[in-house]
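Here it is, the structure in full.
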Amino acid sequence: MRIGMLVSGGDCPGLNAAIRGAVLRGVDVFGFEMIGFMSGWRGVIENDWIPLDRRAVRGISPMGGTILGTSRVSPFTDEGGGAEGIRARMRENDLDGLILIGGNGTQTVAQMLSDEGINVVGVPKTIDNDLGGTDFTFGFDTAVSIATDAIDRLRTTGESHGRCMVLEVMGRDAGWIALHAGMAGGAQVILVPEFPESIEQICEWVESVRDRGRHSLVVVAEGFRLEGMESEVTRAGVDGFGRPRLGGVAEVLAPMIEERTGIESRATVLGHVQRGGVPTAFDRVLATRAGIAASDAVEAGDWGVMTSLQGNDIVTVPLAEAVGSLKVVPRDRYEQVRLLFG
Amino acid sequence: MRIGMLVSGGDCPGLNAAIRGAVLRGVDVFGFEMIGFMSGWRGVIENDWIPLDRRAVRGISPMGGTILGTSRVSPFTDEGGGAEGIRARMRENDLDGLILIGGNGTQTVAQMLSDEGINVVGVPKTIDNDLGGTDFTFGFDTAVSIATDAIDRLRTTGESHGRCMVLEVMGRDAGWIALHAGMAGGAQVILVPEFPESIEQICEWVESVRDRGRHSLVVVAEGFRLEGMESEVTRAGVDGFGRPRLGGVAEVLAPMIEERTGIESRATVLGHVQRGGVPTAFDRVLATRAGIAASDAVEAGDWGVMTSLQGNDIVTVPLAEAVGSLKVVPRDRYEQVRLLFG
Amino acid sequence: MRIGMLVSGGDCPGLNAAIRGAVLRGVDVFGFEMIGFMSGWRGVIENDWIPLDRRAVRGISPMGGTILGTSRVSPFTDEGGGAEGIRARMRENDLDGLILIGGNGTQTVAQMLSDEGINVVGVPKTIDNDLGGTDFTFGFDTAVSIATDAIDRLRTTGESHGRCMVLEVMGRDAGWIALHAGMAGGAQVILVPEFPESIEQICEWVESVRDRGRHSLVVVAEGFRLEGMESEVTRAGVDGFGRPRLGGVAEVLAPMIEERTGIESRATVLGHVQRGGVPTAFDRVLATRAGIAASDAVEAGDWGVMTSLQGNDIVTVPLAEAVGSLKVVPRDRYEQVRLLFG
Amino acid sequence: MRIGMLVSGGDCPGLNAAIRGAVLRGVDVFGFEMIGFMSGWRGVIENDWIPLDRRAVRGISPMGGTILGTSRVSPFTDEGGGAEGIRARMRENDLDGLILIGGNGTQTVAQMLSDEGINVVGVPKTIDNDLGGTDFTFGFDTAVSIATDAIDRLRTTGESHGRCMVLEVMGRDAGWIALHAGMAGGAQVILVPEFPESIEQICEWVESVRDRGRHSLVVVAEGFRLEGMESEVTRAGVDGFGRPRLGGVAEVLAPMIEERTGIESRATVLGHVQRGGVPTAFDRVLATRAGIAASDAVEAGDWGVMTSLQGNDIVTVPLAEAVGSLKVVPRDRYEQVRLLFG
């Protein structure tokens, strides 16, 4: 059995542990030959790959990023040649199947290739945790951990200066990072893309916190939008005042809060630090298990599936079930924390 | 509704977040009055308690330990007066029910009290993650995280000096911490209480790692015992050489490995640092949700249950289902990592 | 002896350890009575203070921020009443002297009060490390540590995606944080306020890094300005393209680098997280020693001085020597790292 | 100019940053050729080395351990051949000089070689910070940081359970780690090798802490000995009760404290985790600067010296001044913290 592996889409902590898990299981236990395409689909298109064996994955589990590199290149382009192009490249390299590590986009591609009869196993990865068909994806726990650390730090400054601190975290379509980091850090206000709130409501919460003698920590997902504002506007690089947005939604909210409440407010946009560096132990374990499970699926001839965490177990689910549906914060989880604000 | 809360057994990261979650939900949302007994059942026996409100739990979520203190005192003693004594104390303080935060022992007591008609809700907590009826308990993720950090540090020393490093982590009856930290840190050998191994087998693994040009990191749960040795011996404070054991199993293993393989070996016993300090974001979220769910159960009159993480959801399970069964590392999880050693 | 203490200016990690050191030494060893004014000079003006004893400072050493709060209020205002107003307030509270914890501005005020015959001892504190008369100030090591952690994280993303990552750190007039974090994190380009560079030079460095097969990490102090650009322009909220600056200099540089080199570039502005949260051990020791030294100076009647780290020793220096001079990165330190870029 | 480099003695955080600093400066700026001997003097004896250039040191600054490995092998053995043997090996490899990274022992060897006319530059490195001639050595700050983190964690358990926690840290002859970590973590009792104390005095402190309603955190350096006990006894592997010592001094002290005060006491021996893993930013900067300074000394022909931190500056001092004197905790620094115990 000869297997190709690649990472596609944004990088996230745990990718190397997943690669290592798949290789140790596949090469050492099952006797696969494995190769890794460099920079995602670009490596497939350009036939740029490295052999993957025990030596290649030695000690990489605690490292951020990915030894294979990644890109946002899609195979469904003229250059990529679609399913036919991929199939040709696989034949050329004598590959029996592909392990595809990536997020929503990548798993959708995986399913399309599977529909065309190509042997694929998907390994899910999202910082935002918005992928259906699995309890958690690796990368998310590290991102929440970094965001929580930032809240812990900002809080002391907020309390010392009597300021409202607004922290923007990742989460374009789903607010999981904001929800979890906000709960972990004890944020007084948590704003997620799923549930728009008005600026009046936000200021009411901030003022109610002040009336209790404290200072608000507002955590806001990048994809949050103010109620009544056009999402196209706030998302398209123009802020709530119509000015071009260089920064993020936190940089829009902080001055609005300060103007309306008179409470000095400061924005911090956490940005790229959320997706890099040493993964948490949780993410390393999850990623290692996901990698192992991918090689197990290959060995079992269980193609067209994605590895999935369900409770304590790693199982496989059909790609068709996993892709397409965005896993968003349900109303009851949001209401639960919302009730704590007042 | 007037509710008492206490923590019993060993402390662990997340206790304060659980207390805070229950109080913010119970007092602020449902209008309970809540009190916290100090130092576990000792506080009940001595009627030593503090009122719990929003102010009392302010900012405690990132703190290790517990603001209520804890002890290993049991109510089923002459002093405690058993169910009748507890009932009397509850009447005296006008309490409608108790929220009991603790591990296996505490939840067993909870069930006994429930059987006697006392209103209790259990919140599970174990460092070792060996409690049935729930996917994870808070405290475990922090312990794994600290143990993984230690592995990351020891590895560099092992590689620089060409040594075999043996790290002992918590896990008296279940090897979850060793399993997860070992996977996260890329330990070459993982030894758990569930699966005794012989010293010959261990040395074979260590030598096979050396033959690949690397240096072994052995992670061993405190409850691991060598195959062929009486568990009473290795567990009762006498080491494998018949000497009194001041340290732990790592201090027995390291010299045995060195003697048989000729590879310089060093033991580290991680000990109490695993159970203290700032909880991980994961544990804070889990603990907060568990606390919230406990107050939800109280509000719903759902007595005799324990909060439980199942996948992404916090549910309640009957105490009878949760207690009594130890959740151990299943053979397939162990075999999976064992195959990676050779 | 009865002593007042306050914190003025921006908060930074270590303030609580300094307060604790001064109190444990002053109250417990020398028998002082001590009080702490709240929110800096505002507390003096409004006579808002708390008693400071062992209990008040219990366990605060690892905490960020300050239990006394802080503000940028100056005593040299109508409201403050200048030296006379301060003197009156001290008489009212029966104070023999003041311990003033703060940065350049605060120590300048301290000297002015000292010149007016008021008993003061200064304790220096700056994130930026730009205060003369002392090797280091507490807060700086924590800020460098946080910035280095961010570089470690950003680097993995940069390498995985083949991007140039631009990180903006604190440092308005002095580039110490950028210099040290850049050295610690192995940044390929380090830009400081003391030494303007042209965009051509920066891009040459970035391209030379690419030619070596790597991806640049550029760390830039917030006060850096491009050579040939008016400092008023880049500092006054207008970016290099003449657009209003909402973010910082990193958000100006990244698109300029991308445009000229064709290398995808991303900006991160670290912001307030650099000044909050748990202090490093180094800062806690330095702050504790500075606090102790302040009470020593009070006991010795050594007024009009500032505590100062010189090598391994904490000494006192006359305030006149310490204030007024900005400690900037010397040319040879900068040249040393600059030579490594090419 | 062709230069050999090696690391000798115990590993410590910062070694890789020092190697990298010397190489980037020496090879890229001055045009040296550089080689690194593997595993200390063993590599010289066996002529086992690797070429050192920019590629070899890429990205190693944040890594613990050393890419060159280390050992405790001495050149002054039959095998090593003493100065003549080293000289012969240098001639064979066409080496003009050696950069020797190590602690007291290594720098003493460096001086002996220098006395024999061999060109050497020493780079000091000790975890214990007990080397004369320099304010700090890299490795120390990381060790203090790890020990402080352990104190922070143990404290919460001690407070929750009402226990006295005894933490043993490194420091065979000098108590710097105990002193600094103890100050940073707010330990109530700090015990160092330089100042023996009686068990009665220690228990008096622990009881006085209890009388104030708190629970003691005792930090003890491994080299501490009880007053009145023979150092040979407590140091030679026999504990205060005459039993063989498997663990360290903390495991002797904890039961003695518990027996005399009735306060439940627990020992933790931090051990090897103190010397491994990611270095603090402080240590990386110090190590990088030391490495740069070593190549500067080579370029200047400034042989027979050791790099040294003095205040903010890295200078060189004659090896003769640096070696031989142990830098111990001075009485006034110890008295200062001792006064805080009572």
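Residue numbering begins at 1 within each chain, and the chains themselves are lettered A, B, C and D in the order written.
Simple rule for what comes next: a contact is a pair of C-beta atoms (placed from the backbone, for glycine too) under 8 Å apart; a residue touches a chain by one contact, two chains touch by 3 or more.
Just so you know, these numbers come straight off a predicted model, no measurement behind them.
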**Item:** Smallest number of contact steps required from chain A to reach chain D
**Value:** 2
**Item:** Chain of greatest Cα-centre distance to chain A
**Value:** D
**Prompt:** What is the distance, in whole Å, between the centres of chain B and chain D, each centre taken as the mean of its C-alpha atoms?
**Reply:** 34
**Message:** What's the distance between the Cα centroids of chain B and chain C, rounded to whole Å?
**Reply:** 41
**Asked** Counting in whole Å, what is the centre-to-centre distance of chain C and chain D, each centre being its mean C-alpha position?
**Response** 29
**Request:** Could you tell me which residues belong to chain A and also touch two or more other chains?
**Result:** 149, 152, 155, 278
**Prompt:** For the complex, which residues does chain B have touching chain D?
**Reply:** 7, 10-11, 15, 39, 63-66, 69-71, 146, 149-150, 152-157, 159-162, 165, 239, 243-247, 251, 266-273, 275-278
**Request:** In the complex, go through chain A and note every residue touching chain B.
**Result:** 17, 20, 24-25, 28-29, 54, 58-59, 61-62, 135-136, 141, 144-145, 147-149, 152, 155, 180-181, 183-186, 212, 214, 278, 280-282, 284-285, 288-289, 292, 310-312, 336, 339-340, 342
